[in-house]
Amino acid sequence: MRKYISPRGSMELMSQFEVKRLKHSASSELYQLFRRCSLAVLCAGLQSDSDESLFSLHQDFDIHVIQQARGVKLELVNPPAKAFVDGKIIAGTQELLFSVLRDIVYLSNKYDNIKNLDLNKPFHITNVVFDILRNAHVIAKRHSPNIVICWGGHSIKQHEYLYTKDVGYQMGLRGLDICTGCGPGAMKGPMKGAAIGHAKQRNYQARYIGLTEPSIIASEPPNQIVNELVILPDIEKRLEAFIRLGHGVVIFPGGAGTAEELLYLLGILLAPKNKNNPMPVVLTGPKESADYFTEIDKFIGRTLGAEAQSKYKIVIDNPKEVAQLMAKGMAEIKQYRRSTGDSYHFAWELHIDGQFQQPFNPNHKNVSELLLDFNMEKSELAANLRRAFSAVVAGNVKGETIQLIKEHGPFHINGDKKLMAMMDKLLSAFVVQGRMKLPGSKYIPCYQVNK
Amino acid sequence: MRKYISPRGSMELMSQFEVKRLKHSASSELYQLFRRCSLAVLCAGLQSDSDESLFSLHQDFDIHVIQQARGVKLELVNPPAKAFVDGKIIAGTQELLFSVLRDIVYLSNKYDNIKNLDLNKPFHITNVVFDILRNAHVIAKRHSPNIVICWGGHSIKQHEYLYTKDVGYQMGLRGLDICTGCGPGAMKGPMKGAAIGHAKQRNYQARYIGLTEPSIIASEPPNQIVNELVILPDIEKRLEAFIRLGHGVVIFPGGAGTAEELLYLLGILLAPKNKNNPMPVVLTGPKESADYFTEIDKFIGRTLGAEAQSKYKIVIDNPKEVAQLMAKGMAEIKQYRRSTGDSYHFAWELHIDGQFQQPFNPNHKNVSELLLDFNMEKSELAANLRRAFSAVVAGNVKGETIQLIKEHGPFHINGDKKLMAMMDKLLSAFVVQGRMKLPGSKYIPCYQVNK
Amino acid sequence: MRKYISPRGSMELMSQFEVKRLKHSASSELYQLFRRCSLAVLCAGLQSDSDESLFSLHQDFDIHVIQQARGVKLELVNPPAKAFVDGKIIAGTQELLFSVLRDIVYLSNKYDNIKNLDLNKPFHITNVVFDILRNAHVIAKRHSPNIVICWGGHSIKQHEYLYTKDVGYQMGLRGLDICTGCGPGAMKGPMKGAAIGHAKQRNYQARYIGLTEPSIIASEPPNQIVNELVILPDIEKRLEAFIRLGHGVVIFPGGAGTAEELLYLLGILLAPKNKNNPMPVVLTGPKESADYFTEIDKFIGRTLGAEAQSKYKIVIDNPKEVAQLMAKGMAEIKQYRRSTGDSYHFAWELHIDGQFQQPFNPNHKNVSELLLDFNMEKSELAANLRRAFSAVVAGNVKGETIQLIKEHGPFHINGDKKLMAMMDKLLSAFVVQGRMKLPGSKYIPCYQVNK
Amino acid sequence: MRKYISPRGSMELMSQFEVKRLKHSASSELYQLFRRCSLAVLCAGLQSDSDESLFSLHQDFDIHVIQQARGVKLELVNPPAKAFVDGKIIAGTQELLFSVLRDIVYLSNKYDNIKNLDLNKPFHITNVVFDILRNAHVIAKRHSPNIVICWGGHSIKQHEYLYTKDVGYQMGLRGLDICTGCGPGAMKGPMKGAAIGHAKQRNYQARYIGLTEPSIIASEPPNQIVNELVILPDIEKRLEAFIRLGHGVVIFPGGAGTAEELLYLLGILLAPKNKNNPMPVVLTGPKESADYFTEIDKFIGRTLGAEAQSKYKIVIDNPKEVAQLMAKGMAEIKQYRRSTGDSYHFAWELHIDGQFQQPFNPNHKNVSELLLDFNMEKSELAANLRRAFSAVVAGNVKGETIQLIKEHGPFHINGDKKLMAMMDKLLSAFVVQGRMKLPGSKYIPCYQVNK
């Protein structure tokens, strides 16, 4: 079965250079990347946390770019039926497909290629992140600050999911836009809730931003409410994109990925240069989640200290308060940035240390050598803890890392005994609570904490 | 507490004539109508089926029109808190408020006032209905047929409600707009479902049309998803508006009101002049509702005959099929109207007999004198059955009629014995199934069927 | 030759009532009015000041309204070729045609027909004027004051015409919209100039408003730059529309019509109730026109006095100053109306005396009985002078009045000797300067001033 | 005097990289380029054909980019007063300023910098041209072909100017967009005329595209009607942009520049690969210009032959026919490109030989060595003739080349005697007819044809 898809949203115009590059033999890496991301988007809504099933199910799927008189078209060979209604592609999916095309073309085109770009320099990395977001039209000119980052697990319980919807609804009523990492659970709930809030406020320009990266898009395919999708090249640039694009952060219950994100955030907010930079951060869940957050809070207190704890507020079972805290935070950010001259749409002045920007490759050697010690500087400890959790996430959901684990056994995490005990406890809790994997499969840890 | 509300949507411009008329002493009938309808809109989302609670709860509510340099404003005195978010009115509510203003002003202005208008003539009535809808900008120029009327109970069970959402979702995915009578239950579910379908299809112009009338708006306040609200002067003009504006009809489980609507519809479709006029009608519900529809179908078969039964299709537990039937019907209507030259946006050629247009006043005398007999012409029988059910609805939810029942006891419905037995059975089933009233109160019948 | 024209701009939706009314036998007065106004619009750009030529040239022209599936269409039989480009109607003409349809339908529908309307009451007349303008969507919600009325002759010299363009250009650069009476000369120049100014300011919503009436539209057909056309029922309502809709007035050289307009304006501004109402009025022309304005100014001084003279400013050969005076006046009006609560888009509070509102029928009896005397109250004298000039205009260009003159000879204007001498001098100057008629025909006066 | 200008149109978002680059010391080449192009835009409408006067008049002008909370701003120090109305910048100028910023930033950023780009390869050059136009949003997605290139002299007579307006008007009436090289005369007339045509057709999206390059922008500043301005890096890329972006070409009387353009065009159309590629080309002027075109036609006939002559049509004194030929050509292009799959918005398939793409540096050595001989291949001869005329243009208006001439005397053009005689005759005719320079200065030839 072949389907021809016209552009929608972005990337109607390609140079012959660009078309050529994507046409290269099916064995080319770029083409494979394009095919995989497109397939992920066509499977939007799929409940899965492994990309294996996705790819094995659709081995006969293929995609080609075609130049035509009125512009570019996509030819889909054997696309998943779910993406179509009575034979016509769903417009949201169509839009996301062209977002993929746009980002793949842009990324392929640029960064390897530019002579005076030095990806070891923080300032250069930040400019690259800006450039990608700008090219995706995600940086909104002249808007006042209103983007809330929602982080949390992809595998959460029903009452937690309903709670994320409630929070989203209250934020939608207050004109706040939602930005998440795509995928199900806490990444989808706030968007669905906000959609109703925005509809009641007749906000037809509401933004549902999804930031993803090639290695994660297949295990967490964007839902079709996402109306602005960006594929960043790696996890670290994606995290930087979140934190410079967004204005406030709401963290719902989640597993290793959520812990990674929280540690990243705190590591940055703890930098002395960011001391005055306002960013509202709220950890929240229904009343059943109170214990969960007590645990997290304790872990943060003991590892990063009271200053880190002061950077966030825990709100239990009160969606309205969460939304009000965010709305209040937006006003402060507006005032602050006006006073410093920093832009509303991209937090140039936020300091992000190089150790949070350099890609961390989660292999056995790198993980086992991570320094994890109470005596380190707080932000350095945060950076390494972040890397440890990042490795666990990769071992859970990224095809390549899963393969590594299959071959060499679980990662070994080493460090201070007391610290290790705390980490093990936290990770075990995630396992017990079913936060590591979607229900239906037994979780086999990809890590071992050496106490 | 006083709030000042700027216009949104319609009716920013009023003549001094119009302002004056609404300023008239608080005792004026027009002002009271305006106040009541506005209050109903401000209570959107309220779960209630009696207007009493609404009005007794907000006795100190008041509303005034104010002329200002930039146009008109509304002053609200002691409005319900629920209509506001952090002190600001919800935009959807704001829009609906000005729809009320628009229709009240327009109705007040026109029909009593026009010399050569004769409301006994069907053609004149139809032109009045058109005129009101046009003034409300509800008649969409140049659109292809795509409006689905959804009828069904305001008091339905949770699984039925979820089913109406599913049907709405499938219709949204197919670009169909929803028109209902406002209020909760089967009037709200399809809109909520369609909203998600429309969002996935990036349909930002989706229409959620609510048609109501002054005596019912308070017991079935429009939800805030409704983005086009029209207040017709009476139940008969509202029914005519439904049937000339909409292109297809989906009927969910409901009580006396739903029966009234079905009988009205069949009475008109049975008219020989409408024989070729295509209008897809589907009765549908989840599998638990199969029996319900069997009952209804039997009643129709025995009273109005097989021809009437041929006018609708019953679909059980298949939202996708319902949506596909509607989509298919739209294509047929388009072709039919193009061939006859009838307009897409208002079914001028549909014949509606005077007996379906003349307002029926539900009082004891009129009800008891209704002729209900198997020997009557089918469309006449449909018309009288419609009136009987209409009286039951009025006795259930309209303040004025409830008062009548309080004073004089239940309405007496008389007629052919076998027919009366069937009616009683149907009405009793509605009572048992809890379709007459929202849960929480015991239903005391406002009628007595004399067998 | 038959052409079918789809709607553009307004009036796509007609009720069958309305269609029926226009279909009435070709002999019906309403149909004839519709045909004549439509023909005038189709001849846009024609240089003529008599409707005779227009109508005799196009005797075989016919127009019909047709109901179709997608809405209304117009069928044109033998339309003037000039309105088409390569067989397709010019979009501007198409738009104006449907403006005509809209106003004809609306007017026909309403005022004869409304029971409680009393056209002898000033307040009622003002509401009618508002209602017509609102229905034509000419009353702009929420805009700040920026409409400049441009009055002046249809028959002016080339250097005068270029000057009106220059003034228009300077006004366009300052965001001012133009409103004129349609037709060539001083009614067209400012629009063309403003179009360039607006283009340079990227003002794509610039408004070129034309206010006309059935008896004048044929002799002064709207040019196609006019993008908002309204047909008022008579000259007095048209004048009221000008003065309530517009915010400032620029008067270029002209003949009897321009004098009529100036006298109307001064008569109203002299009313004590309007003392504080700011309205910038500028009389302006190139340096060659200096004498012309000296004459007018003298006439005003001697008839209406110094107070009347204080209501306007004469600016010679300085387009930039004219535009700056208007822009400055707009700011004052904004402030004034905000302080009084009067609306920006319609000057409700401006007092217009009944003698300026009641239609004046220019026949021999009425003209000869006009009281013209220095001893009268100034505003009454202004009103009667206005009527006298109005009669001259009618005798020059309106078919019906031209017929009267043919039958009964010129109008006789009587009054105070000195006053009569002044009037005669002024009118003679108009004749000598060629301001009464377009070049190419000898002017035979339709009046006689009895000194 | 300092003015702060907010973005309009494009380029609101700059990375800190980009801001930094433009902030570099005032002596930087990039900054100087930015300053000069901005100044040219601020002088829009200036009648001049030398950039000297411009720059000497505004030596104290300066421009800086400023980052602010809501985005970027421009600070202008001592800008020309003409660009402001009552102290506010004209919106069109504001838009063009940011177009300059956009292109300067983009050009600076890209082509020197990209590793695998080889500007000796035709395909690479074409992709660069596409990329610049796409970045400027000038490549219109999904539009049907409708862009007419208008070439002709900047110094033309009044009756010729009025004729270019008439042609523009007729093209505007037919929905054709105009693309020129900016500046006065034949580059401005068609835009002004089209503006009226577009207004009558209510075409509010009409495009007035200006393609320029850094060395010519100051001597031919864009008029403010231009609503899409692109600065290409050199004359050859600008010519390629014209011919791939535009769909038809109208050539008005002009001087050396116009001859250069015509020769470029014919050289390309003569390539065998372009044989079937439809492109309507019309040479046109008022009846007084008939002789001018006879001369040109003869020159083409004798140098490039009858085939070259068959590529264009000469139309004298018939604006309507010119517009109709263009409109007809558009339909053919549409059909042709649909059949070949070439895009509507950029003629990828048009073959442009490398000799037309490589920048020609007009210095004494290069000019004197140009091979000009009847025995050459036609397209090669066209290429060299093009270069010879290009050198004359540069010697007339480009600062750098004027300096060269001052130092080393006129360029020497050598070649076949008969050919040289013809060239001399043509160039002398341009001088006599005043087409080399704007009136007011005596023209001293910058060339010498060696016969």
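For reference, chains read A, B, C and D in written order, and residue numbers begin at 1 within each chain.
Criterion: a contact is a pair of C-beta atoms (placed from the backbone, for glycine too) under 8 Å apart; a residue touches a chain by one contact, two chains touch by 3 or more.
Bear in mind the structure is a predicted one, so any value in this text is a computation, not a measurement.
Asker: Both subunit B and subunit C are touched by which chains?
Answerer: none
Asker: Measuring between mean CA coordinates, which chain is farthest from subunit B?
Answerer: Most distant chain from subunit B: D.
Asker: Where subunit A and subunit B touch, do the two copies share over half of their residue numbers, giving same, or under half, giving different?
Answerer: Answer same: the two copies use largely identical residue numbers here.
Asker: From the mean C-alpha coordinate of subunit B to that of subunit D, what's the distance rounded to whole Å?
Answerer: Going by mean C-alpha positions, subunit B sits 63 Å from subunit D.
Asker: Mind checking the centre-to-centre distance between subunit A and subunit B? Centres are C-alpha means, answer in whole Å.
Answerer: 45
Asker: So what's the Cα centroid distance for subunit A and subunit D, whole Å?
Answerer: One centre to the other, that is 47 Å.
Asker: Going through subunit C residue by residue, note those that touch at least 2 other chains and give them in order.
Answerer: Within subunit C, no residue contacts more than one other chain.
Asker: Which of the chains are touching one another, listed as pairs?
Answerer: Here the touching chain pairs work out to A-B, A-D, B-C, C-D.
Asker: Quick one: which bits of subunit C touch subunit B in the complex? Just the residue numbers, please.
Answerer: 7, 12-13, 15-17, 67-71, 112-116, 123, 126-127, 130-131, 134, 139, 141-142, 334, 337-338, 341-345, 348
Asker: Note which residues of subunit B are touching subunit A in the complex, please.
Answerer: That would be residues 8, 85-86, 90-93, 95, 173-174, 192, 195-196, 199-204, 224-225, 227, 324, 327 of subunit B.
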